[in-house]
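Remarks on the structure that follows.
Chains: A, B, C and D, in written order; residue numbering restarts at 1 for each.
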Amino acid sequence: MGTNRLEAFSDGVIAVIITIMVLEMKVPHGEGVETLVPAIPIFLSYILSFVYLGIYWNNHHHMLHACQKVTGSMLWANLHLLFWLSLIPFATGWMGENHFAAGPSALYGVVLLMAAVAYWILQQLIIASQGPDSILKKAVGRDWKGRLSPILYAVAIPVAFWWQWVSLTLYVFVALLWLIPDRRIENILRKAER
Amino acid sequence: MGTNRLEAFSDGVIAVIITIMVLEMKVPHGEGVETLVPAIPIFLSYILSFVYLGIYWNNHHHMLHACQKVTGSMLWANLHLLFWLSLIPFATGWMGENHFAAGPSALYGVVLLMAAVAYWILQQLIIASQGPDSILKKAVGRDWKGRLSPILYAVAIPVAFWWQWVSLTLYVFVALLWLIPDRRIENILRKAER
Amino acid sequence: MGTNRLEAFSDGVIAVIITIMVLEMKVPHGEGVETLVPAIPIFLSYILSFVYLGIYWNNHHHMLHACQKVTGSMLWANLHLLFWLSLIPFATGWMGENHFAAGPSALYGVVLLMAAVAYWILQQLIIASQGPDSILKKAVGRDWKGRLSPILYAVAIPVAFWWQWVSLTLYVFVALLWLIPDRRIENILRKAER
Amino acid sequence: MGTNRLEAFSDGVIAVIITIMVLEMKVPHGEGVETLVPAIPIFLSYILSFVYLGIYWNNHHHMLHACQKVTGSMLWANLHLLFWLSLIPFATGWMGENHFAAGPSALYGVVLLMAAVAYWILQQLIIASQGPDSILKKAVGRDWKGRLSPILYAVAIPVAFWWQWVSLTLYVFVALLWLIPDRRIENILRKAER
């Protein structure tokens, strides 16, 4: 079974998630520019979540590119990942509406952590299915980003209850870490094609 | 006529259904973690429905994999299935908001029952179109899961008005039954390819 | 330029339209089964619109199957069709919430009429682009359904202000007319392949 | 890496954006036709945004048609474009609800300007990746529309605070400018195929 329909479905779900998130930004009732001010934290949290969903889409894209056949457990690991991603609009809306308060900022970290764990499980399943010469395993290499991110989220969650700005800085930092496109997989694939 | 566009449209609809369901989880207005407590039943019902939609997507995926050409009646049987699936967010939201009360739990069972019937009709149409050597028929075999599920839903619906927890246990039980990936179709297809 | 991306985009838009329509069915606030009663007219209007969108998707599917290359004007005629289809959830919600009152029932007819006109324009553009031996022209034939439907909608619109049930009967009648799968195109295509 | 998944994801996002925009048109609570009157400005702003999103989808379609391989930076430039397009429903809703008041009309221009800039960045990245014989560069030519549009938006933004109808006229004018299908790319591609 090929990866086509898995990709198409994941794309569909991520496309809807990324777009309905904008529905959390309620249209202000006044017409003055100053009525936009309360929407600023919601807008900032929207940008952060948009970037995170973009990163997941991007990496998912590369990961499935290094995968030839899909097993039943991969389908479910993928749905598990989509489940946690689907909670991002909720966590984003709560965090934005409460101006990055402690609790919402911690919950945001929980959702990011669980999504990262779900991504890692999917990656391990693909690597395991490819056997010892796994092209994805080579591509991912030591995977320091994939290992560091959940640690930073796990740190950020309890910290949010004392200094939530530290947590938010960690979320932004991890996002920037991943924004650098994942050239590892591209490089390995290129070598494999030669 | 191939199955491509039917798959793509079904994927699109299921992707939207699975994602708009999260809109039923309204962002709480307070910032304390305790404001999340009322959302817990909604969250639990969301998980259950997410798993059910995942199961339908998964099985639909396998079923269409065992189907080569699509007839007009299949298109409509598929739309009929999507119709009942599209009611899952409504039933989920009502059940979650009312903390799994009797009426909403019964309605949830009605929607699951009708979706199961619609799935069965689609399956029968594909089998009929494939003639006596139907590859799908062999794959589905005695189809004990497909026969047992609607019976359990039909039992759960009236039971919900007395002991709704029994009904909910039945819904969870059927979901677990299906969570085991449907290796039957995979196996038969593998043999057919040899 | 092929029809693939046009189909994919149309499928996406129709999938979203068909699914967000269910958001108009607000989750009732009570937990009793009787709280569903006010939702019944909304549910009925949802069924009607679901069937109409299914018909459009179905016919659109067949029509593009008989079209090889897409021109710029077809892209816009297709967007024009999607525009009117995108108003169906609004018209459906208004009609359902007001228990099929005169005004909303007339507006529903206006949207159906405009969608039918938009569909006809797209069809004519494809036929024109295919020249005198147009495969779609042969498939559509005298197109009595396509000619009759807008006439019936046009009748139903003013009638709604006196006897809206006549209008609603006309909408249901036209839907049933189209529910019979459009075998014409299938037949012609089959002959062309021989 | 091919353009397929990039196209599919972009199509998905644009399809959702174009459709959820209609959710801003709230179903009126009365049943009289006169209750539709307050929805007229929202409807007009919906038409304008629908046309703009149609133009972007259309041009994006043509642009990716002239692009063979996708780099990591193109993926991000594309997400950047989708980000600004995703704000169109918000800006549309605010402008429509406030009957084209000054502030909302200016914000609408800001979103259009940023989307135009994002489109231009994506176009430049594709051209740069194609080297000196870039087929897209030839197709775009002097790109007077692409250069003029952001200038007109930039003029319209401050002007909105004094004469917002001038700004709105500019938005409509630019839309009409683009409605004429972009035959340039089609022509160059046709020549390249010979």
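Here, contacts are C-beta pairs under 8 Å (C-beta built on N, C-alpha and C of every residue); 3 or more make two chains touch, one makes a residue touch a chain.
Small disclaimer: the values here were computed from a predicted structure and weren't measured.
Annotation: the chain A:chain B pair of sequence copies touches via predominantly different residues, less than half of the used numbers being shared.
For the two copies, chain B and chain C, the CA superposition rotation is 90 degrees, given to the nearest 5. The chain with its CA mean position farthest from that of chain D is B. One inter-chain figure worth recording: chain A and chain D are separated by 26 Å, centre to centre, where each centre is the mean of the chain's CA atoms. Multi-chain contact residues of chain A (touching two or more other chains): 8, 12, 15-16, 20, 23. Chain B meets chain A in the complex at residues 7-8, 11-12, 14-16, 18-20, 22-23, 25, 27-33, 35-36, 47, 50, 54, 57-58, 61, 65, 179, 181-183, 186. Taken together, the chain C residues at the contact with chain D in this complex read 1, 5, 8-9, 12-13, 15-17, 20, 23-24, 71-73, 75-76, 79, 82-83, 86-87, 89-90, 93-94, 97-98, 101-104, 106-107.
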